[in-house]
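Below you'll find the structure, written out as structure tokens, and then a few comments.
A, B, C, D, E and F are the chain letters, set down in written order, and residue numbers restart from 1 in every chain.
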Amino acid sequence: MDLGRALLEFWKSTGLVNISPGQVVMILVGLVLLFLAIKKKFEPLLLVPIGFGAILANIPLAFIADATQNGFIGILYHSGVETGLFPLLIFMGVGAMTDFGPLIANPKTLILGAAAQFGIFVALLGALALGLTPWIDFNLFDAASIGIIGGADGPTAIYVTSRLAPDLLGPIAVAAYSYMALVPIIQPPIMKLFTTREERMIKMEQLRHVTQLEKILFPISVLIVCIILLPTATPLIGALMFGNLAKESGVVNRLSDTMQNALINIVTIFLGLSVGSKMQADKFLKLETLGILALGLVAFSIGTMTGVLLAKLMNKMSKSHPINPLIGAAGVSAVPMAARVANKVGQEENPHNFLLMHAMGPNVAGVIGSAVAAGVLLAIVPVIG
Amino acid sequence: MSVMQQGLVLMVTGMAVVFAFLVILIFITKLLSIVVRKYFPEKEVLIKPTPPAAKAIGSAPVGAHDGAEIAAAIAVAAAYAKR
Amino acid sequence: MDLGRALLEFWKSTGLVNISPGQVVMILVGLVLLFLAIKKKFEPLLLVPIGFGAILANIPLAFIADATQNGFIGILYHSGVETGLFPLLIFMGVGAMTDFGPLIANPKTLILGAAAQFGIFVALLGALALGLTPWIDFNLFDAASIGIIGGADGPTAIYVTSRLAPDLLGPIAVAAYSYMALVPIIQPPIMKLFTTREERMIKMEQLRHVTQLEKILFPISVLIVCIILLPTATPLIGALMFGNLAKESGVVNRLSDTMQNALINIVTIFLGLSVGSKMQADKFLKLETLGILALGLVAFSIGTMTGVLLAKLMNKMSKSHPINPLIGAAGVSAVPMAARVANKVGQEENPHNFLLMHAMGPNVAGVIGSAVAAGVLLAIVPVIG
Amino acid sequence: MSVMQQGLVLMVTGMAVVFAFLVILIFITKLLSIVVRKYFPEKEVLIKPTPPAAKAIGSAPVGAHDGAEIAAAIAVAAAYAKR
Amino acid sequence: MSVMQQGLVLMVTGMAVVFAFLVILIFITKLLSIVVRKYFPEKEVLIKPTPPAAKAIGSAPVGAHDGAEIAAAIAVAAAYAKR
Amino acid sequence: MDLGRALLEFWKSTGLVNISPGQVVMILVGLVLLFLAIKKKFEPLLLVPIGFGAILANIPLAFIADATQNGFIGILYHSGVETGLFPLLIFMGVGAMTDFGPLIANPKTLILGAAAQFGIFVALLGALALGLTPWIDFNLFDAASIGIIGGADGPTAIYVTSRLAPDLLGPIAVAAYSYMALVPIIQPPIMKLFTTREERMIKMEQLRHVTQLEKILFPISVLIVCIILLPTATPLIGALMFGNLAKESGVVNRLSDTMQNALINIVTIFLGLSVGSKMQADKFLKLETLGILALGLVAFSIGTMTGVLLAKLMNKMSKSHPINPLIGAAGVSAVPMAARVANKVGQEENPHNFLLMHAMGPNVAGVIGSAVAAGVLLAIVPVIG
């Protein structure tokens, strides 16, 4: 072989020659995600790895997302996402970082975490309706996975989708995390539409002190209820409550610290790259993706609405303990952004109204609520689908 | 049965279970709190005072360097040095 | 399908309908372990994950401990415990946290770490005897794994059992860790039974300063002896001494710190959950488990006794350098509880007698001793069994 | 040979090897210490003084805030801030 | 073609590509810097002063313990304590 | 079976009986590596695990490096090195620790990172020449892997070798890391040979301040150039730039901290042990190893020389911005030792000349340069080989 042929071989192996227009588009999408993460500070912990993963997965000839070629992100995806391991480890760390105190102090806010799951099922119906059109092909498994975007909880969405519709993991995870990042933009108009100025100004009573023993018994109680009622949700609820018990028990601080730091950080890096790697042009640039993105937005909006409406109703029914309806919006989960948004929208009307702690109750209730909804889908869809 | 009917059934079952689960949880949490606070009250509430630092940053108090606080700062610093 | 059938399907998927009495018992056992860990502070770093793992593994329909169904603890067990990886990584971290200084300063206490291994072989014989009864079926592999509980060293027990009798891993690991946690209860009566008040009051000479070079050469020397004499023990001894060398060399502090913190913590979480998951009702609630628990207690007690008796003898034979026989009990390993127990029992007689450092010598010698015993079992049992 | 005999044989072999191993280790450790202390004595023992913090916590000394200790505290704090 | 010829070809291609790649990178980096510094100048350079500690360690200044520095030390220490 | 046979079995399982002379030699080599690491402080973070891994892998009957026997280092090797995962994770951490500021401030030093790669190809030719002799059998794949030692970058060498010539991984990794450790000994004579005293005394202009935005855009730009020009290098460059972007973006500090600490430390331990385990006597004690060690030294020396010579030329051509030719030697990579060596040799002539920051530019450019060279080899060798 001569130098000419070598240069030719090299030329044939450049990206310039091999890259497809779709890959260019997806690399640009990855760059946009990085821009949103770094410049706009939208969920950077998630969008930096996801955006970078999207870029790396769309490089021709590099096979970075292909486990059969020993592509490193492909290996991470195969061993951690397909198995459901990574989302559960994230949940463990989330549990170790979550304070259920506000929920224990005011348990009726738990019900707001139920109301806000309505968006899940509306989006599920929407996906089935889209599936009836000739252009899009969504079955019940797909629809359930799409619906769970409305749970506003990344690990739950990934876990459910990896079990029911792994082919859709890319767009679903991206939609879930993107809308979680966009909560400060999506939620406020809806919150204002369904509340009056007076309602938004409602001040709530200060939360009582919660004892350590209550905080220790709470995760165990939730797990036991879940075992009795809904075993299919116990991987999610179990991981969450294990982390929380490790934190609240106070006797295994070194384990709880590791769950909250080294372990969750490592898994976040791996999971983010893996999720991003599912944004490969040939699988992502389809009509289905547009449908998923649209349905995800619907799910978030409906969930916000039903959360607010139930909170409104609760406020009407309990004169002695007023409830600011804004905290209902936090029931979608998206911890802690949704609670912060509730606080911020409240302070726009009354700068001295601190709703953050009150909104943390429905916010963490929303995590439980969407895990329960996930359990229902995992229990019933494979039977009837 | 059509797929939309399946979806509706899922919606009704799903929301019913979610509400049932969380309503049960409300009662259990309340019950738990009552039992704990009645039979296992906390002897002494652990006071976690705002660290002096929080104040110090804002106001840079002139009189802040009394022995105790400096000792505390050195102590904390040393504790981290030992890690 | 109508709503009625959906609710029926849901009902059929609840825990209420599917849970077996055995699973209820095992979940209660898990709760008891959590209680002991959190309230009684019995080895919480181990019993919190083990207890939680036991609960999660006994949830019907959730398959959390089933690797073939992508159950997450099942995956951890399969990749880390079956392979022996997790116990060795724990040993690495233990090595990085161990100070062999007291042992180097007073090397004759090494022999106490040998004496206390006698319990291993008594329990082994006991298991073989039980195996001769018509109700229990223990072969030589099982008996060797049961005996190693007497090593009072969790990772060693798990490592040996994963190689010789993986089916018994649940009860053996639980027995090993439980009795390690119960050392403060099991050992003192035995220690007092075999010592006089005068012996318990003996003060020992202060330990000399040990140079860094001695501490660097010690782990290498132990490894070389082990290579020459007992290669089958080198995975355990090698991991331990690698961690120790990393610590004592002083040139790789960032690696040694990681072994002592992030790495050992992550593996402790994974290993604890994995071990707990072996407490599945159908495999745990058997007569064999009772036998294992009983033999484990025998092994601990005999080991404590022989450790104390040899220390007594050594004290009688060396008038110039008195040895408090209580430190012999620390030879079972169970680092550092057994050393603390020796110190505490000593201080009951004489509050000014500080035996802790003196007991650390036999205590870490016990770790080496049980790894050596493990090596013998791993070398001979497969040949003659 | 019966299984109990096998067990006894294991016991004798096992304890013999464990004792042999640890006795050899005693001699090697002693030898090592002798050689090291004779031929490679430590030039200067690394003094690891009790950190002032340990004292400070207990007694909150009035005169503790002399320049050096404060400088040290700031130094340590800054060192950790830089990580 | 002999294996040595293959090697020579690899050498020429390899060094050519390495140089081409890094020369392109030089131009891009320069272009980038020009564009950034012209259109996106940093509003205010983040001053990262040498931590006082660095000085303090060397010279143990007598007057170092004025209120602000102590407050800062306490603040940093406390910030790490809270982690 | 009687006691005699048991003792015989035990005797037959001792290391004394089973160890081969080659294994003894390799264990001694491992001890020498530990000595160099601990006493001489040669790259201890790498040589402590590598040396210990070499000892453990040469223990008879223990199979510690054999994944099929569940040997723990074998498992680490199989899952992390064969797949290329570990070197890329190390690169991620290296990226998160690298400051490309000096390079951005003085971009023409990038070209020094190109010049210093010449050693790679000279060693490649040398390997092919050796392959023509009757005693040594190197093909083009082997030669490319051997050449990459001249990249002076451990992860790059391991990554390329795991793809092209996994059988040679042991000696190649050992050569790469050993010579990186020996940079302070290898480079200075060469640097002095090719520079005059006046050149070594040249002071360089102070580097300008680099803005954060430049530092954010730089890793993205490098990745895009790499995608366009050389997709086969994107796993390496991508991992490096992902880590760097995480650091410079400033919005994911907890991820960047984890990459720089827990994650890279864990992987360093695992990778070091794995690499060391490839020093098994039967595979390492061959004539080929001597050839590899010799060629590695040639590669390092030639790379140092060409780096210095190009820097000399650049200095001659740019009177207004003088360049001290010593910084050319840093272009081989071996971050940050090579830069420190440049600084030290410079200060030998003029104690007030601080070249460290100036040498960091070519030093990190060398990392990019050797990753690019790796990409060329990965692209062309499989096609023409």
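Everything that follows uses one rule, which is that contacts are C-beta pairs under 8 Å (C-beta built on N, C-alpha and C of every residue); 3 or more make two chains touch, one makes a residue touch a chain.
The shown structure was predicted, so the numbers you read here are calculated from the model rather than taken from an experiment.
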### Between chain D and chain F, the fewest steps along chains that touch one another
1
### Between the pairs A-E and C-D, the one where more C-beta pairs touch
C-D
### Query
Taking shared residue numbers divided by all residue numbers at the interface, is the value for chain C and chain F over half (same) or under half (different)?
different
### Message
Averaging over Cα atoms per chain, report the distance between chain B and chain D in Å.
### Response
38
## Note on the structure
So, in whole Å, the Cα centroid of chain A is separated from that of chain D by 47
### Query
Per the centroid of Cα atoms for each chain, what is the distance between chain A and chain B, given in Å?
21
### Message
Which positions in chain D are in touch with at least two other chains?
### Response
6, 9-10, 13, 17, 65, 70, 72-73, 76-77, 79-80
### Task
For chain A, jot down the residues that touch at least 2 other chains.
1, 6, 10, 229-230, 261-262, 376, 380, 384
### Task
Please give the residue numbers of chain F that touch chain E in the complex, ascending.
103-104, 107-108, 110-111, 113-114, 117-118, 120-122, 124-125, 128-129, 131-132, 139-140, 143-144, 209-214, 217-218, 221-222, 225-226, 229-230, 365, 368-369, 372-373, 376-377, 380-381, 384-385
### Task
Enumerate the contact residues on chain A facing chain C in the complex.
82-85, 88-89, 92, 163, 216, 220, 223, 227-232, 234-235, 238-239, 242, 245-246, 249-252, 254-255, 257-259, 261-263, 376, 379-380, 383-384
### Query
Okay, in this complex, where on chain E does chain F touch?
3-4, 6-11, 13-15, 17-26, 28-30, 32-33, 36-37, 40-42, 45-46
### Message
Under the definition above, what is the set of chain C residues touching chain A in their complex?
### Response
1, 5-6, 9-10, 13-16, 18-19, 27, 31, 34, 37-38, 41, 44-45, 48-49, 52, 55-56, 59-62, 64, 70-72, 75-76, 261-262, 265-266, 268-269, 273
### Query
Which residues of chain F touch chain D in their complex?
1-3, 6-7, 10
